[in-house]
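In this document, chain identifiers A, B, C and D correspond to the written order of the chains, with residue numbering beginning at 1 in each.
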Amino acid sequence: MVDLTTRLGTLTLKNPVMPASGTFSDDLAGVFDLGCLGAHVTKTVTREIRGGNPTPRVCEVRGSMLNSIGIPSKGIDHFITEVIPFYQRYETPLVVSISAHSGDDFARICEEISVPGVAAIEVNISCPNIEEDGKAFAMRPSSTRMVMEKVRGASDLPLWAKLTPNTGETTEVAIAAQEAGADALVVSNTLLSMAIDIHTRKPKLGSLMGGLSGPSLKPIALRMVYQCAKSVNIPVIGCGGISNVEDAIEFLIAGASAVQVGTATFINPLIMPTMIRDLEAYLIKHGISSVSELVGSVDDAAALDGVVFMEAAP
Amino acid sequence: MIANLQLSDSINPADAVIFEVETFVKSNKPANGEYRHMILDAPSHVLNCQPGQFFHLLCPTSERHQPFLRRPMSIYGFFPEKNELHFLYKIAGKGTAALSELGTGDHLNVVGPLGHGYSIRDDWRNLLLVARGVGLATMAPLAQEAQRLGRKLTAICSARSENVLMSVDHFRALGADVITVTDEQGTSSVENMRRIIEEHVAAGKVDTMYTCGSNRLLRLLQEIGAAHGIPGEIALEQQMACGIGMCHCCVRPFRRDGAIVHERVCREGPVFDMQEAMGW
Amino acid sequence: MVDLTTRLGTLTLKNPVMPASGTFSDDLAGVFDLGCLGAHVTKTVTREIRGGNPTPRVCEVRGSMLNSIGIPSKGIDHFITEVIPFYQRYETPLVVSISAHSGDDFARICEEISVPGVAAIEVNISCPNIEEDGKAFAMRPSSTRMVMEKVRGASDLPLWAKLTPNTGETTEVAIAAQEAGADALVVSNTLLSMAIDIHTRKPKLGSLMGGLSGPSLKPIALRMVYQCAKSVNIPVIGCGGISNVEDAIEFLIAGASAVQVGTATFINPLIMPTMIRDLEAYLIKHGISSVSELVGSVDDAAALDGVVFMEAAP
Amino acid sequence: MIANLQLSDSINPADAVIFEVETFVKSNKPANGEYRHMILDAPSHVLNCQPGQFFHLLCPTSERHQPFLRRPMSIYGFFPEKNELHFLYKIAGKGTAALSELGTGDHLNVVGPLGHGYSIRDDWRNLLLVARGVGLATMAPLAQEAQRLGRKLTAICSARSENVLMSVDHFRALGADVITVTDEQGTSSVENMRRIIEEHVAAGKVDTMYTCGSNRLLRLLQEIGAAHGIPGEIALEQQMACGIGMCHCCVRPFRRDGAIVHERVCREGPVFDMQEAMGW
């Protein structure tokens, strides 16, 4: 038998496959037994009740999708009384994704959500920092550090910082998050994009722009995972376009200790359990005894000379 | 560590209600000038459906079409006893164009049954069904269920012209009283429809009303329903990604208790209370 | 008849379709008459002779490609004596893409390349700034401004600044380029990405990382074109994943005055002349009398409220 | 303003030497256990080819395979008089797998002819051709050209086993003297090949040597060529994007005038001077 477990700091997952925030809910329990997953990650929740963005909220681009769901939220009270209890029927660790518009609000929701039943908190810092210029916290090392320090002071639970591909400072942001006390990084969120209907000349999304997810994002997220894994010591969780077991393995080899699956579940609702089964089969077939043997095993020796140049510009 | 056995248990647990399965095309032919009728060979365990529910189809990838997201499609008919799942569709863009290229024997991956269908309350003895275009697809299983429950059914079918009117024979065969109105004959105007429906209401033939899709019909039926205190339901459409309730892209606004609430068409719908629905 | 011409400052092109730098050369003259294009854009040239990156220099990702060609260059002398003369047989304006590793070197090549036969200079600032921390000039407004001011002082030819999608400051960089005297923006270059062969565990590119181009880049580049066109007054030239006339029209509607076609030519060497013919047919069919009617015609009124939020995070 | 007429002139100008055209599959069948032979129906104006040139194929997109870039493939045969273009290929990954799924009548978009082929100098009367595996494909048109020019040809064909040895009959039919060596019989070792070739050299049967693909054979022939002052050419492979010379991804290093130069396999090659080529 092969060992599928993976360690994310103090947390050990029975396998490295979990859903990405916003692409998962208890509704999926109608399709398969959610107990098979490595972790459960909930849609980002805010303290206050929020409505979300205008429709259309999704559109298709070649081979991928854009979304501008926003963060509709029924608020933290509803979350604590309705959502958390649902997941108590599983032994699977529950990871709650949170967001806020200032460091103090982040600290507040982080503290309030640190209740029994929650195994870790994913800090979605890809949301605008309204105290500064409205750019997302995760765009800059300074604002990342500020938020992560505040949430670190507010909870003893493992804290995962979720990064954005919209920044030009991926490694700096990753290091800032680690230094501020993050226990893991989730790499990454969606990439700001746009599509226009050429017949109506209207944007295809109600909010004009939205985030790219799915296969098109994969090579970008993989590069970020590699950059982050090389520059921090905390575990990195890969996310972006992972659609089959080969993609998951590629992220593990690049340095991810676990993977999150988002858009692929929309296309193939059984993809996560299928991926877990295929990962086990892959390890057996290739005589690899554990997932940890894959993690970070990229053979980059020959190419390392090129890195400095390549990080600057392809 | 996860054994294969456990995992296959988790893929099809005993309490699964939504399935992802490969089906095979039995036939896929034009129903008339604009619509196509596709019959799939599907395992009977996925055919435990409610009228008004839908499936989410993974339209095929070909050189000409590469749809990415699934496409929602109302169940036009489900027959577990012969493993048949029927759809009636119109070519709108690349997903449906790709569907139309499927031939007998080709496979098609479907997810479903999905959503919340029509209800037929015990005290609703006389049902009025008003539909136009491809919206008729979603009404066919409702008519069949009405027949099974022994309810009296009147169907007003609207279309551009007689030759694109669909399902009329189908509804008649199910014992429905069918009234057809067309743009061509000038009988499909709101005024004429209002006249016809008011006559039926006056004759006590309308305990409830069902409709789908058209904004114009929604407003008409809302007015009539409000005036006479007749309940009703409407099937709505919205662009979908997951189809299961996870992504919140498919919301629509509804009037409820004096406020506006947003509900997911794929999960709380696609069938909603007619008075709560908002025009668009 | 419809009017396909487009104006880029003092330059008027007979149609808005031109090749992207590095994906075009005189070799394409064996396939079609290059005289039909709106402009000719050469592969980036440096003053010194350079070798380029190790192979493999390209790889395929789902629906797109990565490249790490680098900038192999036979040097400016060879360029002036061999390359420029070839293009003199066409009336089509010749645009020369240049690069260097410091502001002064940029100024020097810019001056030296300002010779008869060159209609405009494309300043490829997606290359590392070795005087600072090695990040590409186009990553930051300050280094963009510095380079563009230097080249502006060195040539009277129209100067196009080519931006990078790797930055988190697209609009700031665009504004800096305009303020420093750029005559147009090319938006954009490739996006830093990576792919790993899961069997050998080696990076699929010899230089580890490379730039994503092709359809996957399109929604990102389109968003950048829209952002730039909204924030500057100089013309924007769209580039990124444009593969057919619909894509080209989408970029024009988003605000581009012309488009560059790169990767699509690899898949379909006739795509540029085909696109010009299809664009003319589209305008005729839809009763649009000129390309300029399309430029920037996006109907974004309903969505503008969402912009601030969306620019920060999708 | 560009008139349609002008544009169609520019798409196929009189001086075009590389064409992008749709071809149609006449047949696409296994040649033996490992290789497939595909015959395309192609317009004769694209069949003005040189031995050693290649085409760049837009392998089809299907549900199972979505290759993005084109795939280079040596010309195995070109017959303008019957509009035929032949390829011999091995399934390596998704592009060639997609190719293998093409059936008679399917279309295939090809770009070519591309690259710089083999030369047969006037004073090269006795040609030696040494090839292994699918590399034989690129040598078939060379053998044909040799026959047309009335040159004497010896072909040493190497393979794993007799039953994957290809083109032997083809070469014989072209009047070549064919020697087969296989791993199975232990005759394909470098030592044995060296012995065979040296014998031919000693007998004055080698004015030039042609090979392709194998590093081991390259080194052997370089040694023999250097020792006896016999020129030679080799066809090389490298991953390609454009295939036309624009992207510079397909470079390989060559020794020339004491320095190392990089040349494009698609443009300066795929056939290069044997002594300049570097092992890998």
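To be clear about the criterion, a contact is a pair of C-beta atoms (placed from the backbone, for glycine too) under 8 Å apart; a residue touches a chain by one contact, two chains touch by 3 or more.
Note that this is a predicted model, so its numbers are computed, not measured.
Path length between chain B and chain C in the chain contact graph, taken as the least number of steps between touching chains: 2. Counting hops only between chains that touch, chain A reaches chain D in a minimum of 2. Chain centres here are C-alpha means, and the one lying farthest from chain D is B.
Centroid to centroid, with C-alpha atoms defining each point, chain B and chain D lie 58 Å apart. Here the spacing of chain A and chain B, counted between their Cα centres, is 35 Å. Centres computed as Cα averages put chain A at a distance of 32 Å from chain C.
Contacts with at least two other chains are made by residues 66 of chain D.
Of all residues in chain A, those touching 2 or more other chains are 61-64, 67, listed in ascending order. Taken pairwise by the contact criterion, the protein chains form one closed cycle in which every chain touches exactly two others. Taken together, the chains touch in the following pairs: A-B, A-C, B-D, C-D. Residues 1-2, 4, 6-13, 16-20, 58, 66-70, 109, 111, 238-252, 262, 267 of chain B are the ones that touch chain A when the two sit in their complex. If you check the complex, the residues on chain A that touch chain C are 53-54, 61-64, 66-68, 70, 126-129, 134-136, 138-140, 164, 166-169, 189-196, 198, 200-203, 205-212, 215-220, 222-223, 226, 241, 246, 249-250, 253-254, 297-300, 302-304, 306-314. Across the complex, chain C meets chain D through its residues 1-5, 14-15, 22-25, 27-28, 30-33, 35-36, 43, 51-52, 55-65, 67, 69, 72, 214, 263, 265-270, 273-274, 276-277, 280-281.
Listed in rising order, the residues of chain B touching chain D in the complex are 60-63, 66.
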